[in-house]
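In the two complexes below, chain A is the common chain; its partner is chain B in one and chain C in the other.
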Partner chain A sequence: MAEISFPLPDLGEGLLEATVLEWLVKVGDQVERNQPFVEVETTKSSVELPSPIAGIVLTLHGEPGDVVLVDRPLITFAVADDSAGIVGTVPQEAAPKRRVRLSVVLDED
Partner chain B sequence: MRTDIASTLHWQQHEPALDAGRAPVLLVHGFASSTALNWEATGWVRDLTAAGRRVLTVDLLGHGESSAPLETDVYAPSRLRAAVLEVLALAGIRVREAGNPATGVDLVGYSLGSRLAWELAAERPDLINRAVLGGMSAEDPLADFDLDAADRFLADASAIAHASTASLMTLMQLAPGANAPALLRLVAAIKAERFEPGASVPARPLLFVTGDRDVLATGTTQLAALAGGSEVLWLPARTHTNAVSSRAFKQAAIEFLGR
Partner chain C sequence: MSETLELVRETPLLQLSMQQAINRALGEILEHDDRALIFGEDVGVLGGVFRVTDGLQQRFGANRVFDTPLAESGILGTAIGLAMAGFHPIPEVQFDGFAYPAVNQIITQLARMNYRSRGRLPMPVTLRVPSFGGIRAPEHHGESLESLFAHVPGLKVVSPSNPQQAYHLLKHAASMPDPVIFMEPKARYWNKAAVDLADDQDSISLEGSVIARPGKHATLVAWGAMVSRCLQVAELAAEDGIELEVLDLRWLKPIDEAGLAASVSRTRRAIVVHEGPHTAGLGAEVAALVSQSCFDTLRAPVERVTGFDVPYPSGDLEDEYIPNIDRILFGVQRVLEYRRG
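Showing the complex of A and B:
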């Protein structure tokens, strides 16, 4: 087994930190790729972060209410050795989209 | 005189992995938010589809990927509701049939989206099965917004004296992708068509969910009293901003809509 830590990802818009609201996993849990593992709040919104990798939770870096900084460790996993070389990124999966034109008729009598 | 106004609304259908055979769930986001911020980044679409529900999302006019015309009338809450109903028709939603849980539609709203969901549930009991109303206020916080001060602020960064106006302007400027000039038109339209919860009360089952530190969503108890038989869930230590992603909120909504 190998250990891999993931930092708080860049949440965009120049944000440098986030507050931990709630951990959705605990130490010892088996986490699947894409499974949300924490809920964090920035000054703009609150979000769930999906796991970039499958593994067993070794360390949660911070308690609810703690401020964590972008690029600082957020969670550490134990993973199978053959996957330790993979650099994780937060997965982005685009949902199918549809765009429609709605015509609204205004009666201004 | 009749005028045709075409507006582009962005809406999506999200299919469940394993369909539970229940009516779809329409998610209606809040002011200065969007489908992406209110429902996707927070895990709502994933959790509802994982629970076997087909999910419909729509970006309200002036928000997200929908168009943002710079006129006021198009943002009237009654017209936002009409557009939502048009989306439901396009998505093939059928009126409720007794004993058929796959018919009709369930609603989940947040903030302004809850106001619209309340009004939709009151207007269309033939269509709406149940509604979950998150972060909802009995007195629309946008109705007291100081539009002149906001316009001056946008023009030359003049200080805004009115505290709630200043905090809403901050919200608009902070929200990723928010279109402040369009949102001010929406505020003007809301001021002209204020929320009157007593005017039309939904007869359908309702679940109210509010953070107990939410200072914008006042009147949850009053609204629940108006709508007899409704349920209330308070989220400990949550605010208007961070209640949305709460797991307790999502789990309660999924349980309530699954009954």
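Showing the complex of A and C:
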């Protein structure tokens, strides 16, 4: 298991902070990549943030109403060592399947 | 390995995935070479998108393991400047398809600085590139650039096929005075296998190709993720009474001509398998080398089972693009049933 934290991104042009409106996940939840996990409000708008990774929520850094700062931790996930990277999936090892059979007369010279 | 040798073994065999094996190798390189530096997109704080550089920034500090802007040309330019200043950079380009913005730096500077400076400015740069397809990723995340890089004088190109090789070949590459493109088969990142960490040069070959499975009726030539697929094919072919040899080429520049010739001289037939597009793929070079060295013993033209001459497709079509077991078996059938005249 690895712990991966993600900071609050800059949601506008040079915004420094945002207010947590509502956590859409709770500690212990399995979150899928791109699943919205929090709604935050900036001086410009309120937005739902998608999770950049799949994992189990370990820590939510802030309560609803708290101000979180850009580049400071927002959420921490526990991620299995054999989980996929941020892009793509882990190839599934299946038993090799075939339709083609070899049929040849081998000359032994 | 005999029992007595097993007893005196000092370093244990570990079950590691390729990402863990590479992580371990990188840690050892940084530990033993204080001029080694790791940098690239997300390699520091995050530990790499595939966890390959996990924990290295915490261990060695942000001066030696650091994140770069999303600018591959800048990553390579930085590596070249650092190498000129005496460092041993190990940059990462996050995905194969992101290497294109860096190709100018690679070809016009990295590959020829040593030549241009008459040996005064060697480029001991190991460029790690998670490569090839197989993980259902979007565009630019599944490409095979080996023939592009192999064509550039001054570069070495290598691709490991399993954790053991990844560990040793990376350490070897990082010790070389020349730029090495280290192509990590990302589809194999998660598969665990035994890794012998002993650096004993007698037992671990670092140069040239290796025979991944001996056989006598034909040689499957492959590298990267296609080696394990060819091993599956060899297993299936054995059910039909056909013994296929699997040659893991490993070094794609320079290609192990002698090893290739030795294998095909014995089996007299060759099928080269790669993910990259067919035309001017590295399979053409392999076929030419085999034709030249084994012309008198070859029983059939060298068969190429490859990707297609189209851009790498989206994940849904990936299995149709990458050579699958049946396509490789068809290739084997064609060389086995070929008769002259």
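Rule of thumb we're sticking to: the second predicted complex is superposed on the first by the 81 of 109 C-alpha atoms of A that agree within 3 Å, B and C clash if a C-alpha of one lies under 4 Å from a C-alpha of the other, contacts with A are read in each partner's own complex, and residues count from 1 in each chain.
What we mean here is this: contacts are C-beta pairs under 8 Å (C-beta built on N, C-alpha and C of every residue); 3 or more make two chains touch, one makes a residue touch a chain.
Note that this is a predicted model, so its numbers are computed, not measured.
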| request: Quick one: classify A:A2 as touching chain B (first), chain C (second), both or neither. | output: second
| request: For A:E63, select first, second, both or neither according to whether it touches chain B, chain C, the two together, or no partner. | output: neither
| query | Touching A:D81, do we find chain B (first), chain C (second), both, or neither? | reply | second
| request: Mind sorting out which residues of chain A both chain B and chain C touch, each in its own complex? | output: 96-104, 106
| query | So in the complex, which bits of chain A are touching chain C? | reply | 2, 4, 79, 81-82, 84-91, 93, 96-104, 106
| Inside the complex, what are the residues of chain C that reach chain A? | 17, 20, 42, 46-51, 54, 95, 134-138, 141, 186-187, 189-191, 217, 232-233, 235-237, 240-242, 315, 325-326, 329-330, 332-333, 336-337
| said: Give the list of chain B residues in touch with chain A in this complex. | reply: 1-14, 33, 37, 40-43, 45-46, 65, 73-74, 79, 82-83, 86-87, 90, 174-176, 241-242, 244-247
| note | Residue positions on chain A within touch of chain B in the complex are 12-13, 21-22, 24, 36, 39, 41, 43-48, 95-109
